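This is the structure I want to talk about, given as structure tokens.
As written, the chain order gives the labels A, B, C and D, with residue 1 at the start of each chain.
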Amino acid sequence: MAFIGGDARQLEVIKSCIEQNAKVSLIGFDNLQSPFSGASNRELTPSLLKTVDMLILPILGTDEEGYVSSIFTTKKLALSEEHIASLTSRAMVYTGIAKSYLKNLCDQHSIRLVELLKRDDVAIYNSIPTVEGALMMAIQHTNITIHGSVCAVLGLGRVGMTLGRTLAALGARVKMGVRRTDQAARSEEMGLSPFFMKDLHRHAGDVDLLFNTVPALVVTAKVLNRMPYSAVIIDLASKPGGVDFTYAEKRGIKALLAPSLPGIVASKTAGRILAQTMTRLMSEELEEEGS
Amino acid sequence: MAFIGGDARQLEVIKSCIEQNAKVSLIGFDNLQSPFSGASNRELTPSLLKTVDMLILPILGTDEEGYVSSIFTTKKLALSEEHIASLTSRAMVYTGIAKSYLKNLCDQHSIRLVELLKRDDVAIYNSIPTVEGALMMAIQHTNITIHGSVCAVLGLGRVGMTLGRTLAALGARVKMGVRRTDQAARSEEMGLSPFFMKDLHRHAGDVDLLFNTVPALVVTAKVLNRMPYSAVIIDLASKPGGVDFTYAEKRGIKALLAPSLPGIVASKTAGRILAQTMTRLMSEELEEEGS
Amino acid sequence: MAFIGGDARQLEVIKSCIEQNAKVSLIGFDNLQSPFSGASNRELTPSLLKTVDMLILPILGTDEEGYVSSIFTTKKLALSEEHIASLTSRAMVYTGIAKSYLKNLCDQHSIRLVELLKRDDVAIYNSIPTVEGALMMAIQHTNITIHGSVCAVLGLGRVGMTLGRTLAALGARVKMGVRRTDQAARSEEMGLSPFFMKDLHRHAGDVDLLFNTVPALVVTAKVLNRMPYSAVIIDLASKPGGVDFTYAEKRGIKALLAPSLPGIVASKTAGRILAQTMTRLMSEELEEEGS
Amino acid sequence: MAFIGGDARQLEVIKSCIEQNAKVSLIGFDNLQSPFSGASNRELTPSLLKTVDMLILPILGTDEEGYVSSIFTTKKLALSEEHIASLTSRAMVYTGIAKSYLKNLCDQHSIRLVELLKRDDVAIYNSIPTVEGALMMAIQHTNITIHGSVCAVLGLGRVGMTLGRTLAALGARVKMGVRRTDQAARSEEMGLSPFFMKDLHRHAGDVDLLFNTVPALVVTAKVLNRMPYSAVIIDLASKPGGVDFTYAEKRGIKALLAPSLPGIVASKTAGRILAQTMTRLMSEELEEEGS
């Protein structure tokens, strides 16, 4: 098992693998302040990679040139075709999200690639720190309490469900923007008043806080025109978000794009989520082989 | 719009349709104590059916011979091929769940058939009275409180999610039996400790109350052997349920099959769910036609 | 330590005392099906009582003639002045609620008497089975779900707080009748809309379910006149309750007096509450003596 | 009705009084950017005070020399004995908390003085923004999520109850430090594991987050010695708090004193709480006079 580069979150993963008695090689961790006993620092070479069953890249994988970033080394780390080619057929590559560079390489050499952040379970676990980050921002950027406020949440997906549940638990009156009838039913069961996204503008008039999780332009000028000036918008959808930020600014409505909250507010939890998922996947792998 | 037969729940639907100014004919409601103003009692004839856009059967539709049950008449109501054949091509037939007799007839004559209980949204709305019925049974059939008890819920589906959330809200320690990793993540987010169904026997040892929603034999002898004698099992899955009842009895564990709870504990709510869904479907239909 | 009489709940207490290695004598338990190892059956005599530090009576203590009821014997058990007089000055008498007969005797002989049900902690623990009993009745006696219904709870005391929290958790819209401004504030914090009891009649118009915990006639004709016919009233206050039952019946509103719920729906939990409180009090006693 | 000085929160109160058609004089608001229509700017003179029924000071009242702070004027505002003496016997003075200077003056001239922040209802309403401020700090100052963490809350008072409920709703495992058995029972009912404050050191070992609301030195060296280094302490009790901060720093445990959260995180809500309480008190006053 070899780790190439990463940030604080990766340390949690390494720790957890060592605890399970895996043989761990670290590449690009030379500046680590307190080195792990049970892991050895190595160079990124094809001969090393020939021996590993699992190659673990950072959350962001490589860039489009194959460079891997690491906050624990000053050296440059470049993952080349030669490296991937040297992996055995049973090896697996883990990362958070893969750029096409990495995807293509793995494809060409028939190496299995796991993009952890695309997994449903990881997205749900990650929704927890995401929501706590959103709460923090909501508390900071308003002069009212969440309790008693009218909150709109757009999208009852993996983040939206956690967010809606949490805001209601804090005492907000939550309106949930959905696009499917089963989501409307689930909202209602959870005590969140559902409305259909196509009617969003009609529900914007009394909103104190609007949280968007829909990765599409849904908070349009038409919607913003109906919102009170004092409303605050927190956009959680991945860039470029789902809000017409230019128009919001023009209208004087505070709108904030809030990316990467798990790493910001709960790096340790975020690391643990990845570590646990990876170790579970690995032990399943081993089980299957064993059987 | 014509209604053929039904029970108390159907009256809610009829009321709601009349309120929306639909032209309503009632077939098999001659003994209704307080007749609806705005609806006319009619006989089941092909000529009547020629004029209707929507034909609404009871929750259970017809039996395999085409008979429709109605608690509001002493006459026999039989829906024959001739009846279905007389419907126009734009007519729709609504029921809860259709037997193959009805399905085949509609198929043969290209009449659209809507089975309401198979809809995801209806199943979720129905999960609410189902869960309240399960609570009632749990309170009645144990000598402990749900608060502070260890409850296992099998299946994080439409009923299972509502049930898990509700038991936890009442103060139970809930273990949630799942078979997918995303369900495990959602359970954990909701504060319900997940386990995988294949490990059920290992989690049975300290369970006070077990609720099953899985429509497959999952509470086997192996599981029952590990459960405490004082445990109570409430099986919500549709007949024949998911419990080895014979073995449970042999072992002295109280196990109850609990079908049709919505109609039993909240007939009015259950009726309203159907009425609202049907009227929403109808108005969508009209909208589309209009557009 | 001696136990005189009682019902199923008392067995929990006895079991718990034996587990703590107390020397236990049982009076009036001769017909017990499975006798306790570690306890001896004795007669009610002054000489026995001279040796006990704790005398434990059933929940209802004695009647006004000194008779103690026991479901585990056919003999009559009478606690006379002679018995109490024989207790030493450090002995304590425990019961649920004491009639004046018992109070006077203990007073006269300076024997400390603990009425467990009058303790705040016991009342709060007991509120849990009480509320589950109330839920069960609400589910049974309405044809709607608690979820989505409008519930009024009268009195934010020990039972009322548990009840309000629980109904809201089940998805009801809860209105809380209070008489103090701090209770109004706490209700609001908990998501329960407060109103003042003197305005009850003005809040009765849309109530589906009314739960009373106020031990005074508060649900008067004036209030009942404003309530919908379909409303259901569950009166938890101790006899004679807080509802004008005669007027309710006249008006056709279902009103139910619901006494002694903990013993009915959760006898084991109810027994454990008493056992735990008693053993905690005893060990505090011992600690103090030891110090 | 006259207002002397204050900050943003006071504007909410003024707005609310004007809406109720009170005759409002403002003293020390000359620099207000958008003046209120319906209120007149006045000087602080005995002759003005003779005409007012209600004199409203800022949250902090006066200092010990009688100076009143106002962020809306550059002039100095000094409330002297002459001013108080000119109030009529039916006049009332409102403030948040009064220093002895103000208390004495009012006493000597038999003027009724209301300290709003000492009221139970105000303290409970204020607990809501306090708790949201505490959440914000907890999210900011840890690298884990509140969900899944072990939180200790010390004191089940007005703030502690809101805090415990909220943390549990967010998915924390909450331990509640109490000193009364009824509080232990209420904690348990609310799903918060109670322990007695005298045993705090024994419960400190696994705490991720400790929130203190007890205004006494309870988080002593003995307690801190047992806490993990990674724990974070948020002390909400009024100065000097309840934590041995010097020792915490020595041990390397992050401990934060967090005063005045309502004004910081939700000034508008905090203002509204005071406004609503004051207007309620005033209308009760008027009612009584009227009757």
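Note that in this section contacts are C-beta pairs under 8 Å (C-beta built on N, C-alpha and C of every residue); 3 or more make two chains touch, one makes a residue touch a chain.
As the structure is a computational prediction, the values presented were derived from the model and not from experiment.
Colleague: Pick the pair with more C-beta contacts: A-D or A-C?
Modeller: A-D
Colleague: In terms of residue-numbered contact pairs, which of A-B, B-D or B-C coincides with C-D for over half of them?
Modeller: A-B
Colleague: Using CA atom averages as chain centres, what separation in Å is found between chain A and chain C?
Modeller: Roughly 51 Å, centre to centre.
Colleague: Find the geometric centre of each of chain A and chain D from their Cα atoms only, then give the gap between the two centres in Å, rounded to an integer.
Modeller: Spacing between the chain centres: roughly 38 Å.
Colleague: Taking each residue of chain D in turn, which ones touch at least two of the other chains?
Modeller: Only 128, 147-148, 171, 188-189 qualify.
Colleague: Enumerate the contact residues on chain C facing chain D in the complex.
Modeller: Its residues touching chain D are 119-122, 124-125, 127-128, 161-162, 165, 181-182, 184-186, 188-190, 280.
Colleague: Would you tell me which residues of chain D are touching chain A in their complex?
Modeller: So the residues of chain D in touch with chain A come to 128-129, 132-133, 135-136, 139-140, 142-148, 166, 169-171, 265-269.
Colleague: Going by the contact rule at the top, pick out the chain B residues touching chain D in the complex.
Modeller: Per the touch definition, chain B meets chain D at residues 147-148, 171, 188-189, 191.
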